[in-house]
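Heads up, the next two complexes both have chain A, just with different partners, chain B and then chain C.
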Partner chain A sequence: MNSASFAEMSARQRLAAIVDDRSFHEWLPPSDRVTSPHLAQLGVPAAFDDGVAIGRATLSGRAIFVAAQEGEFMGGGVGEVHGAKLVGLLRRALRDRPDAVVLLAESGGVRLHEANAGLIAVSEVMRALLDARAAGIATVMLIGGANGCFGGMGIVARCADTVVMSDIARHAMSGPEVIESSNGAGEFDSRDRALVWRTTGGKHRWLTGDCDVLVEDDPAAFRAAAIAALDVHRPMTLAALQQESMLLQWRTAIAGEGADAIELWTLLGVADARAVPDLDAAAVRVLRPAAVAPLANGGA
Partner chain B sequence: MTGMETLHFEFDGGRVLAPFEPALVGVVASGNLEVLVESAPGAACRVDVDTSARGFGAIWEAVLRDFHARHGIAGVTVSIHDMGATPAVVSLRLDQAMSAVWGAPP
Partner chain C sequence: MDWEGVASRLFGDDHDIVADGDFLGGTATFDGATIAIVGTTNHAAVGVDLALRQARAVLATTGESPGRPLLLLVDTQGQKLRRRDELLGIHRAMAHLGCCLDLARRNGHPVIGLVYDQALSGGFITSGLMADACHALPEAEIRVMRVPAMARVTKLSEELLESLSLTNPVFAPGVANYVAMGGVRSLWDGDLAAGLRAALADRDTSDRRAEEGAQRGGRRVAADVIRRVLEA
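Take a look at the complex of A and B:
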């Protein structure tokens, strides 16, 4: 053991490990007590920061805005205040023009306790993130928390210029339990950990082109990837969106009906796909099929 | 559905701390709690508790009295959001919070 696990750190520990030493200046800190107005009615204690820390910092000496979601509080669920903090950060970025907005995402999506307020909050986060990206501010998602990045935050992640994941991170729309409860264990057994990881994990997202940078579960690796992403911009031109749409249609057609992840990797051109779950991130990085590379940054 | 229980305690005695930056430790999660320690005017040690587990006021008082006896601090407000942490976990979080106040690594 020579380094900490990014997955096992708290949101605030991750923040401290990613940005330059002691450079984080928090907005709406816990002592401001900007908390959820909804949870008390349900008998649930609030969190002083509503599960997300936001602020400015430097990264390799460059000005960034940064947010970190705490997955242990309500599964990182986005409530009204939590979402408003993210939106405020992104809108302030439009005004103050940092080099990047870096989001350390760990979330199950909308906080169901706050229902419509949470849904609206997540959609506002998407809009604000796309506005920042369109304004030429690098938007970077770091996904490595134990709870993964699902639901509305899973969509937010794919709105960014760059998505960084560890091999043990997970990213998807509906979470495993959600799929099982709506479509049955025959469709998706949420207790089958190998299935969950090969369908939502970082290696799968890398091999299918949904994740731009695959790293080990190591805060230093995430920091290095975030620094490299400071100058990565993916302008949303009509031509770029049309190309992406074509590739996604091709990928969907390849997958066909009900292909398991290993079968899909094989169809996409990964040699010896069966070995992938046992490989480390470095070994998987070289396996990405050339055909999906244009979906991701730095792919060629 | 029963709501949360809110408890307030105040302990006298101890030395008044010089003003310090607020310190937050822990997280609101099942069997866990978050503790925010702040400077406060006056010479009391005030503790506010929001807890999802009702009916444990006497145990809270005992755990917090121990905490105050251990640290002997005044001029502070301790705010707690609890989701059913055990007394031992509460004591550890309180000690961790004081370490953070003194500037030790959390």
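Take a look at the complex of A and C:
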């Protein structure tokens, strides 16, 4: 049994734990010192990999391209170089056709220290990801870092074929602190950890169909989920997007204006929703209502 | 400029665009062809509902009018900052909108973005920035976040960020900087119809933003890093 916490590992430790042993070959490694051109003027130290490791590897013997974002460097924020490394990886995937691109996403979104350049970069990553997905390369997001996956990267992540989350991971758009500072603690109390997790955490995203696989905070579980996702392709057809549109509207209508997570889970058909926060991932996996399963690709 | 002014300078009276709350939708006749218009107004805060509403309009065009050009009219203060929107997966709704635009492009619809007022971060990433190319009016404003909020999050001083925003394209909100960085392909100045005509005539839908950022000198590193990854 592996008892390590995926959330507490560094990006490079996570990457090594996911791919086949010693199979990772890095492109633009730290020794190349490809660093941000924007941080020095702000007096902010650079990182030699700009907070993301990219390269090729094998997973269960199959060729993949892989990237891992480091949440400890600028919150995993996407700057010009960081974003360009991801775009390069995805465009190379389009050219070289690995079986999958696996991204270990941990990011606050656009790196505000690089503002405009980061915003454009995130958008370039999104288009490059959708190009790879449309070409039939499985695109897989593993969200399990302590900093979660937010902002533009939160959007990019949900553009993948498969999103895997742990029960302690978070996937959302704006962080609770940002919402609280704009609209007050009455809107979203960022210090109420239970509220934050049931609004943006892995269990919630699983029960409402926004993540496709829910695992424990365990590198072996993430690796197994990544292997299973190698053959998951969700072609983005008009019919598929029309169905997604109907389901998202239905889910929004059911929630009404003021619903809390527990109320929403109940309305969607989760039995004893109140118990969910105390359950482990395995127990929550079987609770997903059949009605939301088509929003994800796996089913329970 | 307000959206009515933009519509009338582009189409004269040949359009049926209407605003429903913050949502803009309709069609117009341009050079004898029908164009679909989808967008937002009132500096909309884009939440789940407005993202899904735009996505439905895009899907309706893709489903019912193959090949019809889509013009995205952008005016947004960014994503809606509400707990309800996070609960309901605002990132999912925005990704869905982006995917609908991407499908429209793959199905042969020209997708043109126009920032006619303001564009901030989350509301922009899955609209104008997902177009084949995004354009802007010279007086428009594009930014990630306003300086006081940026200072709070980055822990950098407002004075430093203010001074950088005067000179540094990475921080300055003016659309000319976005042109220099490749994020905006062109400014539509004066004759807006000429701008739209040129955009519709450009049928190369590949993402050229990094290359244009390098050529124009506003974003010097991205294109080179992408090339190095491809050659590594």
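The rule we apply is simple: the second predicted complex is superposed on the first by the 297 of 300 C-alpha atoms of A that agree within 3 Å, B and C clash if a C-alpha of one lies under 4 Å from a C-alpha of the other, contacts with A are read in each partner's own complex, and residues count from 1 in each chain.
Heads up, the rule we're going with is that contacts are C-beta pairs under 8 Å (C-beta built on N, C-alpha and C of every residue); 3 or more make two chains touch, one makes a residue touch a chain.
Worth saying up front: this structure is predicted, and the values here are computed from it rather than measured.
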item	value
Which superposed partner A:Ala229 touches (first chain B, second chain C, both, neither)	neither
First (chain B), second (chain C), both or neither touched by A:Ala40	first
Contacts of A:Leu248 with chain B and chain C, given as first, second, both or neither	second
If touched residues of chain A are counted for chain B and for chain C, the larger one	C
Partner chain(s) touched by A:Leu28 [first = chain B, second = chain C, both, neither]	second
Partner chain(s) touched by A:Ala7 [first = chain B, second = chain C, both, neither]	neither
Touched partner set for A:Thr200, first chain B, second chain C, both or neither	second
First (chain B), second (chain C), both or neither touched by A:Gly118	second
Which superposed partner A:Ala100 touches (first chain B, second chain C, both, neither)	neither
Residues on chain A lying within both footprints (that of chain B and that of chain C)	41-42
Touching residues (chain side chain A, partner chain C) in the complex	27-28, 34, 37-38, 41-42, 54, 80-81, 83-85, 87-89, 91-92, 95, 110, 112-124, 126-128, 130, 134, 151-152, 154-159, 171-174, 176, 178-179, 181-183, 187-188, 199-200, 204-205, 208, 210, 236-238, 241-242, 244-245, 248-249, 251-252, 255, 257-261, 264
Complex contact set, residues of chain B against chain A	1-4, 22, 24, 27-29, 32, 34, 36, 38, 50-52, 79, 81-83, 106
Contact set on chain C toward chain A in their complex	48-49, 52, 55-56, 59, 62-63, 79, 81-96, 98-100, 102-103, 106-107, 121-122, 124-126, 129-130, 142-145, 149-150, 152-154, 156, 160, 164, 168-172, 177-178, 181-183, 207, 209-210, 213, 219-223, 225-230, 232
Sites on chain A touched by chain B in the complex	10, 12-13, 29-31, 40-49, 70, 72-74
